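Working notes for the structure below.
Just so it is clear, A, B, C, D, E and F label the chains in written order, and each chain counts residues from 1 on its own.
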Amino acid sequence: MQTHQAKRVAIIIEQVMQRRLTEVLKDAGVTGFTILPVLGGSGRSGEWSREGQVTRAGGMVQVVCVIKPERLDPLLEAAFKVVDRHIGVVTVSDCEVLRAERF
Amino acid sequence: MQTHQAKRVAIIIEQVMQRRLTEVLKDAGVTGFTILPVLGGSGRSGEWSREGQVTRAGGMVQVVCVIKPERLDPLLEAAFKVVDRHIGVVTVSDCEVLRAERF
Amino acid sequence: MQTHQAKRVAIIIEQVMQRRLTEVLKDAGVTGFTILPVLGGSGRSGEWSREGQVTRAGGMVQVVCVIKPERLDPLLEAAFKVVDRHIGVVTVSDCEVLRAERF
Amino acid sequence: MDQILSMAATNLLSPIILSFALGVAASLARSDLNIPEAVAKGMSIYLLFAIGFKGGVSVAAHGIDLTLGLSLLAGIVLSAALPLIAFGLLKVMSGLSRLDAAAVAAHYGSISIVTFVAATSVLQSSGISYEGYMVAVAAAMEAPAILSALWLISRGGANRRMDPELMREILLNGSIVLLVGSFLIGGITGQEGFDRISSFIEAPFQGVLCLFLLDMGLVAGRGLREGSGVLKPGVLTFGGIMPLVGSVVGLLAGLLLGLSTGGVALFMVLSASASYIAVPAAMRVALPEANPSIYLTLSLGVTFPFNLTLGIPLYIALASALTGG
Amino acid sequence: MDQILSMAATNLLSPIILSFALGVAASLARSDLNIPEAVAKGMSIYLLFAIGFKGGVSVAAHGIDLTLGLSLLAGIVLSAALPLIAFGLLKVMSGLSRLDAAAVAAHYGSISIVTFVAATSVLQSSGISYEGYMVAVAAAMEAPAILSALWLISRGGANRRMDPELMREILLNGSIVLLVGSFLIGGITGQEGFDRISSFIEAPFQGVLCLFLLDMGLVAGRGLREGSGVLKPGVLTFGGIMPLVGSVVGLLAGLLLGLSTGGVALFMVLSASASYIAVPAAMRVALPEANPSIYLTLSLGVTFPFNLTLGIPLYIALASALTGG
Amino acid sequence: MDQILSMAATNLLSPIILSFALGVAASLARSDLNIPEAVAKGMSIYLLFAIGFKGGVSVAAHGIDLTLGLSLLAGIVLSAALPLIAFGLLKVMSGLSRLDAAAVAAHYGSISIVTFVAATSVLQSSGISYEGYMVAVAAAMEAPAILSALWLISRGGANRRMDPELMREILLNGSIVLLVGSFLIGGITGQEGFDRISSFIEAPFQGVLCLFLLDMGLVAGRGLREGSGVLKPGVLTFGGIMPLVGSVVGLLAGLLLGLSTGGVALFMVLSASASYIAVPAAMRVALPEANPSIYLTLSLGVTFPFNLTLGIPLYIALASALTGG
């Protein structure tokens, strides 16, 4: 089937920053994204888990954007502004999409 | 370690269509898939979130299949039949797998 | 923006093996990972779903590690020791990361 | 009239309505207050189980009679017929496409079980009794409206798949099965079963309903915030008029069947209310091109609050007046 | 015999059994009715906490005696011994591999706490009392069976890792810790503590049990639908015979210990029931090659319903007859 | 003194404290016992709703007076002032950076609603009454401390954004909205509303609190296991001293306001307790460089257990002695 080159950006970020990140993405012209839950993890700031969580500070989410390759740079710059001072991971990978007219 | 070329197909689709999609995938010879939860997202049809959801219409899931490259086309054609009229995103990316005999 | 080559290893494994896997990963020098929930799936060992689960045996999770390419082999070898006798899928794909100093 | 107003006032200041209002307000003010999906589902399972069970126990006590069968039949007919009326009204009042109009119409033929539950709780606190099997009528009214709407579309020439799989999904959707199942369990175990679990299904009922309505308020408020742009004045007006039209049809049915005051009132409530569970899901499968913002916002954000606040006391007052109850 | 039949009939028509049946039926009919995982876990935490706490309170009232210690010991011995019997039976009756047979055997040595809870609720409604510490016996019987099964395998020559980490996981698994912990809390706070939270742990108990069994029914039905192909007739028969064998062993133990009628009945129930929480998880770690469809379907889909419907009344009747209770 | 000790002993052996202890023990022993996040959130929603509602009902019964307004004002002032004291203490006692010290200080100005709830339940079982509006004071004390801490940082020269969005998030965070909202609902519906849902918000309250504290224990234990390395002796000591300092400030405020014995005790509890909901979330947004292990471990793992076990009986005893209650 006919597929089209695209970039998949995945940003793991603290839940408290989610709305700020998606607002910035929208401002940068991103037309769609998906939020995936994260159960736990480990990094330089230690280990954490969502189990029985009683504080709203701890959780993380993963924001995934599939975009046209030419839109990558503005997106990364926008995202960077939000993640800069915060913990989290930003990865970019190549992919192909069906129905490219949707992006 | 010894790894093998494979394709990773990720389909974000409405939960109400999940069973229909996986049935079609099985018919197309897909031997395994994994369903990941989705918390929310945004696209041409607006923004949504799983929070406090009271209707069964709204949620989405992500169906991930890792397959041998030669199986990609039948899979995409099968998936397309289901997603065609529906909202959702289909991405394909290259990956490598351990234990290729399992696919 | 400046990005750096990295590898993204995704391991789908039974929840009961999660702690064993992450311990082994840490021993192999992995400095960070993220655990994603899995709702259900299908494979050679049949179909399963998290719905209304009453036993603790059934669930799976996905462990994702982003690492420098040169660390891939020790990681895979460590992971393999744990997944070897168990069901599950290990995929590796290329990606690029922002803020490479974090890995 | 005075009675209506006073009942409406009492109703508006009850904990359940105020909880709903709190949810709407929190959501409009963009507070991050939210109820986890699993907890919301858990509460809805509790409410369905409790209301079904109580209905069954009541039938066990009063016995099965012809009116039960006739009421079920009437419910099915109403559920199938109301979408036609709704569709007609929408064609006249709104500029909605055929597809969107049919999807909206389906919602108004079907029912909102929470509206039903809220109405039974107002009846109870007003000391008005009702036929226990009305909960079975509610279950019977969930699905037929969907078929009507799909028929409306296929009549319009569109080639709509109505695969048997979808049919099965509609008829065996979780809320119907739970409602009918717990109704049967209540009917079988009767008073003895009730005594064993009454402190579970009676005592916390009103409180759980409060928290559930808090969640409904949060969801409705979010829908209004995001969907308000979608609803043209004509559509909005429909959301307030259709419940009244439905309730009159329900009133006639209830009177014809010779139901008690409470039974007539509940028939009005069922006919006036719009689905937000079974129908939206079916529409996403069968009519994916119809815009969910329209039907969900209308059903959850307009008609549900309307019925909850003004509709229920109005219907009860009318039913009381006309049955001499 | 009459008494057994009448108790079985009462039992079969109780809300909890009917809720289980509703779940199985919904699942076999492929309804999308489902209970969120978090809610199911929440209910199981509630049930474990309540049953443990009540047991502790009862021990605080009646005091600790030698029989308590002997019963715990007997429970441990039974849990360790029953897998050997089960393994022997499976070798004779079924064509299961050594590995699968050992894995299944482990489940039958261990216990199902929900079966235990259901039995206590039948005892209670029949006015038969039992030793409060039986809940501690239940906790003690969870783990030893796993060690027996692993020993069976290692005897067979296979090099099975029994790392200390696994040992710790088995002994400190959530349900054991919660059961023992709440038992201790109940024992420490006694009647005074009970009075403070009795309206939480007593009143809604039966109702929560209904919804939990609804979920068990949904899961069991799903297992039956998918796993039925896996179970050969020999294995299926085992799922009905082993509970009887286990119950007889439990009966002897209970009589030897000189327990009350209820205590003997519960010993039978514990011995007859098969684990579906602790053991499957341990098997996935220690014997990943054993087929989970076999042991889960057998435990949840065959033995659990068997005990719930026929087993419990039978065991209670036998215990009554033989203790003259 | 005797009274304090005996009250402390009673308190330590109550089901809620023992449940907390069970959680800590299970977590330190690395048991896999855990409560799903959705269930924990559901319980916290229940507790907030119930405590707010009861407070409102009590105000409806006793009427609004000047002291209510003054108490709210005093709460706001205390919440804003306590971080300054805490910050000063930390500068002297600990080697924490300016940033970490400010983040910790914010927690101690704000409040822990579960500590408040536990204190009301001890008061209730001791037959000591308190002003119903103290729950509104609790809500008023959640946020000001955050602003104080950010002011401390900006004074230090750092350019800290205090965007209006963050301000809105802090003031409209879910727990404040739910607490204030249910307080208003209780106030509006009064005794009549209470009668309708009392079997939901009263009967199971203590039991839900037990399970919630079990979860808090699990989380606190996990924090202690992982965060214990982070807490230097100076910081640890602060976690035990600051509650005492806070409680004395709260005592003075309560006496000045002329509150009842229970009211004074609750003012002490609020001042002594440290936030674990609103403040950590705000800190992650506004001061991401501050180390969450420090403030969370201190608040949840040190100060919370301290208040729960020793603090509450001490504060109540002091309040009783000084108000002659």
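Following the convention adopted for this analysis, a residue touches a chain if its C-beta (ideal position, glycine included) is under 8 Å from a C-beta of that chain, and two chains touch if they have at least 3 such contacts.
In this text, all values refer to a predicted model and were calculated from it rather than measured experimentally.
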Shared numbers divided by all numbers used: is that above or below half for chain A and chain B, i.e. same or different?
different
Note, CA centroid farthest from chain E's centroid sits on chain A
Which chain has its C-alpha centroid at the greatest distance from the C-alpha centroid of chain D?
C
What's the distance between the Cα centroids of chain D and chain E, rounded to whole Å?
41
In angstrom, rounded to a whole number, how far apart do the mean CA points of chain A and chain F lie?
34
Could you tell me which residues belong to chain A and also touch two or more other chains?
36-37, 49, 56, 93-94
Two or more other chains are touched by the chain E residues 32, 34-39, 41-42, 173-174, 203-204
Pull out all the chain pairs that touch, please.
A-B, A-C, A-F, B-C, B-D, C-E, D-E, D-F, E-F
Contact residues on chain B for chain C in the complex?
1, 3, 6, 8, 22, 26, 31-37, 61, 66, 93-99, 102
Quick one: in the complex, what on chain D touches chain E?
36-39, 41-42, 45-46, 49, 53, 168-169, 172-174, 177-178, 181-182, 184-185, 188-189, 193, 196-197, 199-201, 203-204
Over in the complex, which chain B residues touch chain A? Could you list them?
12, 36-44, 49, 60, 62, 73, 76-77, 79-80, 83, 89-94
Sites on chain E touched by chain D in the complex:
13-15, 18-19, 22, 25-26, 29-39, 42, 125, 203-208, 210-211, 214
The answer for chain C against chain E in the complex is residues 14, 16-17, 20, 45-47, 49-58, 85-87
